[in-house]
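Labels A, B, C, D, E, F and G are assigned to the chains in the order they are written; within every chain, residues are numbered from 1.
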Amino acid sequence: MNKFRKNGETGATAGQFLLNLFIAFLWMLLLDEDEFRVTTFAAGFIVGIFIVFFMHRFFGTQFYLRRLFAIVKLVFIFNRELVKSSWSVIGQILSPRLTIRPGIFRYDTVLESEGEVTTLSLLLTLTPGSVVMEVTEDGRGLYIHAMDIENSKEALIVQLKNFEKAIMEVTR
Amino acid sequence: MNADTIVEYAAAILMVTGGLMSLVSAIGLFRLPDVYTRSHAATKSSTLAVLLTLLGGFLYFWALERFISVRLLLGIIFVFLTAPVAGHVIIRAAHRSGVKLADISKKDELAEAKERLWQEQERNRLEKEMKHGSDG
Amino acid sequence: MLVVLGVFFPFAMAAVIPLLYRVVPDRRIGWFVAAVPLVLFAGLVSILPRIASGKTANVTVPWIPAAGIDLSFHIDGLSMIFGLLITGVGALVVLYSIYYLSQRESLGHFYAYILLFMGAMLGVVFSDNLMVLYAFWELTSISSFLLIAFWYHRKGSRYGARKSMLITVFGGIGMLAGFLMLYSMTGTFSIRETIALAPALKSEPLYLAAMILVMLGAFTKSAQFPFHIWLPDAMEAPTPVSAYLHSATMVKAGIYLIARFTPVFGGEAAWFWTVSLVGIITLLWGSFNAVKQNDLKALLAYSTISQLGLIMSLLGFGSAALSAGAGSDRVLFAQAGFAALFYMVNHSTFKGLLFMIVGIVDHELGTRDIRRLGGLMALMPVSFTLAVIGSFSMAGLPPFNGFLGKEMFFEAAVAISSGNPFAEGGASALFPVIGWVASVFTFIYCMIIVYRTFLGPRQPEKVDRLPHEAPKGMLVSPIILALFVVGIFFFPNLAGAYVIGPAMPAVFPTLSGEPGLVPHIRAWHGINTPLLMTLGVITAGIILFITLRHWRRIYRLPPFRWNLDAVYRGLIGGTEAGSTLITKRYMTGNLRDYFVYIYVFFLAAAGGSLFLTGAFKPDFHMEKIAAYEVAYVLIMSFAALAMPFVKSRITATLLNGVLGYSIAIFFIYFRAPDLALTQTVIETVTTVLFLLCFRFLPDWKPERAPARTKIVNGLIAVGAGVLVTGFALTVKGYDVFNSISGYFEDAYTLAGGNNIVNAILGDFRAFDTMLEVVVLFIAGIGVYTLIVLKAKKGGGDIEGK
Amino acid sequence: MKGNDVILRTVSRIVVFIILTFGVELFLSGHNDPGGGFIGGLVLSSALVLLYVVYDIETVHEGVPLDFKKVAAFGAMLAVLSGTASAVLGKPFLSQTFGYFDLPIFGVTELATVTIFEAGVALTVIGTVETIILSISKDV
Amino acid sequence: MVNTLMLIALILFSFTIVIAVYRIIRGPSKPDRVIALDMIGVNLLASIAVVSCLLETKAFMEVILILGILSFIGTIAFSKYIERGVIVERRHNR
Amino acid sequence: MEVHMIILTGVLVTVAVYLLLSRNMIRMILGTAVLSHAVHLLLITMGGAAGGNVPLLGESDGPYVDALPQALILTAIVISFATTAFLLVLAYRTYEETGTDDLSYLRRVRRE
Amino acid sequence: MNNILVLPMVVPLLTGFVLFFLRPSVKAQKLVASLSLLSLTAISVRLLLKVRDEGILRLDFGGWKPPFGILFVGDSFAALLVLTTSVVSGLILFYAFAATERRHENMFFYPFSFFLVAGVNGSFLTGDLFNLFVCFEVMLLASYVLVTLGGGRAQLAESVKYVAINVVASWFFLVALAFLYGTVGTLNMAHISVRVAEAGQGPLLSAIAVIFLIVFALKAGLLLYFWLPGSYSVPPAPVAALFGALLTKVGVYAMFRVFTLIFYHDAAITHGLIGAMAVLTLAGGSLGAIAYKDIRVIASYNVVIAVGFMLLGLAVFNEAAFQGSVYYLIHDMVIKALLFLAVGSMVVLTGESRIDRMSGLIRNYPVLGWLFFITMLSLAGIPPFSGFIGKVYTGLGAVEGGNYWLLLAGFLSSLFVLYSLLRIFMNCFWGETIITPEEQRPLNKKKLIPLSLLGALTLALGIGTQAIAPFVADAAHVLAHPELYIDAVLGEVPPGE
């Protein structure tokens, strides 16, 4: 039995194919050639076959090329949030007196799949001032450590909502 | 001053910015009161710093010899992907291994939840034992 | 060729006998054995006339020609005497042993050893090659060892065997060194060639050392003072062995050696004095100590020691002949050598006889303790008669061969006391005096043998069986020997002409042909000094024997009670105890101590050779130094220096990780991308391994050690660091050669790769890589076995099928 | 309370593929760029290490059902045999050759016997590292 | 000028690492130390990027990526060790 | 550029030897690990690294740094890894059997 | 093409791998191992004869000419040692077939033994100093595994020390290599020799030579032998025999190679030091050999003594002494194998290892007893056993070189050897029999055969010395004339490159 395919996935074959393409692409990039060459891509594809064959039981990620735009948007939102919160954390660190009140709070997300929850957690964790500590066993509750819970909890929750929306645009 | 030179300067400035941010997070590492807060400084500010630097490097090579370093790009992606996970895992380990929050902390819902869960388990265990006891 | 066969015949039989013993598992095996010396004796006798006429028999069989070591055998007059003794006494002893040894003994072993010894002894006296002689020499020690410990379950036997082995092998090793020195002077191992070169050797620097070492071999083997202590303990051997090895033959190998090397070393003051003095002291000390013995065999052992000393001193006297100018004197001195050989033959007869009688007594009564013996004359008349013959001969009384020998000894001692070429002061006047005193004691113990055993009151309550006369077979050998004892007295010149005389040219080659070299022996030669001395010996001997009870207590006074045995035991015990003390002191089993030794040695040896020889020339020149490099140096130093002091192993591991990653950075600075890559990965995997293993190990506690230990550790550590730095700085400034690496820069054309490092790893030095892979594999599987294969619980650490 | 490894696992799954691809690339590019059998093998095995840490032995073993001891032995043997091959052909032990071949898909490619050797190296590295880690981890 | 800026960046990174080493030694908790190591890892990675630019060589790009990968693996391993005392389990107990 | 590297090597050796002389097995093993760091650094320093480009022919032009020490160090690194792995496992197995990780007690371990 | 040179290393390596895969069938393992050992011996003989006929052989791996590639060099010295290794390890393994527990056999005992042999042979043959380090490591890693294999408390406790000290020794090796490469910039031994000679050695190179001396002294157990008695006395008999016969010899060989080929210009420092160390080793070994009651420890200290003795020859530094050492090396490989196997058999048969707990064994095991007796005589250098001729030549060399203290130490030590083994023989084999026939464990014939063969070998080597004499003479000649070796290696390459 395969432990990785927990959520019913739409066609493992298609997924594998996508992954294989991904590897071929990666390959081509890694070779650092001046121009795009079919042969290089094909070679990468063959390398990919080996890797995918070798690791096929691990396979389980999904790849949604068609939602590239949504991804770009997500990245943009993320970067905005990143700069904003970085600035605030730097301020907190460099302020002559530490006034922060850290703490842990729980946030229940509307997201469902593992990928979605993971993405949300990553984004939230990447933005300074907050970090996901635990995901509950049902995968819905996030325990979040905030650097300054008094002043930024509200802002954090707004940020979370933004992320959730952007993620759902990508995944659904 | 041509475009490439500008890009080179931009790259260098990105790097210095990265270095400064890195230093700031180091200061955070120095000043902040507990592991949880320090982790914010360390894993994120410094991640950002590194990303800036790598970006600088990427630009520099592009400007220098029109070289698109996929490894650098991949590195950026990799750091993006793994830095938050690392931060999450460390801090989770800290909490699970019982490292205390600093005194200034406001509240700890996680600890409360754990406490509740522990009580519940204890109750279940006692009940089970009682059952077994009556069986035997 | 017959000689070779003769030497190897006993060995061949020694190999056959144990097998034969399975077929003939009783004393009849002895007859097969006895045939060996008999045949050989007959063979030797058959060539006796040829040897007596001055010819020699030689044969050489190549053994290790590359080393100049060949089985080259040589029979001349000197070796002939010994050959006859070895085979003749050998035959009698085997004959005797057939009746002496119990059927229950492992006769196969016994006779194999005896034959082994016989062959070895023949080898010693027939070898012309020093190395072959040495080989047989050690073989006699070994067979003696085995024979002494024939009853190896007895503690005393083992003790005696070990002692004799240690002392004789010690001497043998010294002798070997002496032989090697001779070789380095002469370039040959051949004794005859060495003798031919002898005159040229005297000026060699190693001459004296070689001489002393050769004497060491002889003295240990012939039980000369102070090495005589092994012989009494060797009496644990079965009596036939004592009769054969420890009185008649093996102990005379030293005599043989001294006689054989007299042409090489004789005529030197050192040789003369050492041999004579050691001999005379041995003579005195042996006879003096023989008197106090209660065990008949011990008494005989001391008497043997004493008489070996006598023979030795005679050889010493004789050696003076080689430096004395032409004239009657030197012939007179040379006659001492003749006397030595003559006495030696006589000694073999009467001492062999006495041992056999003692064996009979032991056999019949189960004891040899004279305090429990007495009055056996009536019960064992034949034995008694034989004992009287042997003892009186030994005491130097007529009409026995011992008388002749003793007379000649006195004569030689008197002769040497005046007008010897090395006379300094009046020291040589001591020789006749000491000789006389020793003879008195000799007389006393001879009387003890006869009186305390066969005369006086019987003490049946002290022995548990009723003695009878020995079986006839057992008496045959002693009777034959007794016939010789008497026969030689009456026909001494027969022996002189055919047996002893032909040996003289071998001992005194420069004198050969001189008239009077072989003296005419007469029992009666008028009233002269020797005769008066003998009369004195008898008188004093009788008086002292009668008053023995009264003066016996002097044996309890120093220096008479001094026992060199105690020295031996102290030496052995002290060495054992000392070695245990020393070894356990530094072999602590503590790894830290071992590391301390290693690093201290490193500091001393490498440090010494760097700083004390002027090698240290530090080069502090720097091209350019970047601030960030200094920063990393500081980071690493900081991380490293903290490592010993951190409280948790995790921290230390993390710091080690910091070091590892920082090294990767240095590799970058050194333009080594492959290294940086490998270093990073390996560092991570290593860290993971540390973490994996920490699970099974307790966290570390603060290092508890005395401040002194910590200071020592610190000093050693700093020393090692400084030394490595000093070396490196010096090497940095050493700019003589270019590296061979330039070659590898053609990697692309040579090996088809742009990555030079990889080309080296995969091609130029692929062999290293291949083996390194093997190393890795072994380590991996090793870890697996280490974990999976655990010792059986409670199985101890001694395992196996 | 027990947490959920979802973040770690989801990311690791992606990361492992990146590492594996990178490992293969390192292995093959060693001839001209930094890399080679050793490093490639090490990176590949570190991917497996990550899986072991994030998941557990049995799960990974279901995914990669290999006896790593045999992998290591095979690799080391391959390395030695690659040297023996040239000896059989009458050349000095461990002679490597290389040449350029026109292959259907890969185009003109440089093929060198050293690659077989390097493959042996890589397999040994993977096999050994995994054997060590698994041995220790199974020792409870 | 560009080079000078880069050198400055390098020195800044070095300082960060120094502080992180201090944190490793000082602790006080184990996660603190792991965080510091992680930080050192990424800072080294950044340093290598800067050095590569300084030396104008692409030879070290692999190292950057590798360092990223391994500092991640290391951090995960340390965290798991701190959390469970064991980093590779025979069977995840959940 | 090597002088400070050489001094660093000396520092590493000092620390390593100090650790080596400890009673605790893990300290001792860490000592061997630091020793190998030191010697790798030493090898590359002694190999005369100063001046020269990365030894990749396609990447840069000569003169290159000496590539041979690099290859040697690679070999050395792998070997020291193998040894360290074995030593570590040996250490814990020894602890398992003897019940002590104190090297100064190991001398008393004789046959059961 | 001299590919035969690599076979003594590659054949055991490949055998090791094949045996690894044959894990399930011990029978098949034994069959393959036997065939391999036989062919190994045949190869070694062939190699020796080839060296005789064609002079010093060399094999450039990958065809890379020296000094750039790695190469194996076969001279008589190396070939003789390779042959002895093959024969002795073969006999030890035949003993192991009968003596090794099944669970050890299942845990790759044989493969590890073959890897050990491969490392040993490689060390003898290599002509490259760094490759020597690598060959050492192959040998060491295999020895680490063998010394710990299935071990209990004592075995592991000693193994930790053994491994740790060898790790440090390997570190010293690398340090020395770093300095040497930093000075002469090359790794090929012949080339190093040329360059060192060109520079006239000088104080710095002499100091570096001292570090090499430390390295090899640690491996050989010259003065720095503290690790040896403990670790050689804990493993099972075949392993101890492999160690006693082979491991220290590699260090001794390396010392001879390096200090005759490369660092021979400043004898006052290097060879004077070696002489002093040898004498101290003889003293320490001699004291140790009589200080303990455990027969395995006694045997181990005898290894120490032999090391001291062999290095006398190097300290004396003349051809005769070299001959002595070569003879002694060969002899000691044979006799140490026999000694450790005999001692190990005694331990297994009685379940005891102290001399005061054994007695009268010769009645129970006469053949073993006599073999032990022969071993004792041979070790003490008593003719006609194999130890004799080495002793003669070493002594001769010492006399000719005027090294009388060395001679004294060497010859006195054989008395201690004799004494230490006499203690075993007299206490354990002689004395009252305490094992009744009923409780007597049988001594397997399969064990006795290899033991007897080793005994026969020590006798044959003594009696048939002439058979190997030309080879030994040639070996010593090459040692005394480094230019012969250099010519053979660098003949085609202009020196001073």
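Simple rule for what comes next: a contact is a pair of C-beta atoms (placed from the backbone, for glycine too) under 8 Å apart; a residue touches a chain by one contact, two chains touch by 3 or more.
Since this is a predicted model, take the numbers as computed values, not measurements.
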{"item": "Contacts common to chain D and chain G (chain labels)", "value": "C, F"}
{"item": "Touching both chain F and chain G (chains)", "value": "C, D"}
{"item": "Chain whose Cα mean lies nearest the overall Cα mean", "value": "G"}
{"item": "Pair with more cross-chain C-beta pairs in contact, given E-F and A-D", "value": "A-D"}
{"item": "Inter-centroid spacing, chain E versus chain A (mean Cα positions, whole Å)", "value": "21"}
{"item": "Interchain centroid distance [CA atoms averaged], chain B/chain G, Å", "value": "56"}
{"item": "Between chain F and chain C, distance of the C-alpha-averaged centres to the nearest whole Å", "value": "49"}
{"item": "Centre-of-Cα separation between chain D and chain C, whole angstrom", "value": "63"}
{"item": "Multi-partner residues of chain C (each touching 2 or more other chains)", "value": "589, 591, 595, 626, 669, 671, 673-674, 677-678, 681-682, 684-685, 688-689, 692-694, 696, 724, 728, 731-732, 739-741, 744, 754-755, 761, 763, 765-769, 772, 774-776, 778-783, 786-788, 790-791, 796-798"}
{"item": "Per-residue overlap in chain E, given as positions that touch at least 2 other chains", "value": "10-11, 13, 15, 22, 30, 34, 36, 55, 57-60, 62-63, 65-66, 69-73, 76-78, 80, 82, 86-88"}
{"item": "Chain F, residues touching no fewer than two other chains", "value": "20, 25, 28, 42, 45-48, 53-54, 56-59, 68, 72, 74-75, 78-79, 82-83, 85-86, 89-91, 93, 97, 103, 106-107, 111-112"}
{"item": "Those chain pairs that satisfy the touch definition", "value": "A-B, A-D, B-D, B-E, C-D, C-E, C-F, C-G, D-E, D-F, D-G, E-F, F-G"}
{"item": "Residues of chain E that touch chain F when the two form their complex", "value": "55, 57-59"}
{"item": "Residue ranges of chain F in contact with chain C within the complex", "value": "1-28, 30, 33-34, 37-38, 40-42, 44-59, 62, 64-68, 70-75, 77-79, 81-86, 88-93, 95-97, 101, 103-104, 106-108, 111-112"}
{"item": "Parts of chain A lying in touch with chain B, wherever the complex brings them together", "value": "26, 29-30, 32, 82, 86, 89-90, 93-94, 98, 100-106, 121-134, 143, 145, 147, 149-150"}
{"item": "Chain E-touching residues of chain B, taken from the complex the two chains share", "value": "8-9, 11-13, 15-16, 18-20, 22-23, 25-27, 29-30, 35, 38-39, 42-43, 46-47, 49-50, 53-54, 56-57, 60-61, 64, 67, 69, 71-72, 74-75, 78-79, 82-83, 85-86, 89-94, 96-97, 99"}
{"item": "Contact footprint of chain D on chain A as seen in their complex", "value": "1-4, 19, 22-23, 26-27, 30-31, 39, 42-43, 46-48, 50-51, 54-55, 57-58, 60-61, 114-115, 117-118, 121-122, 132, 134-137, 139"}
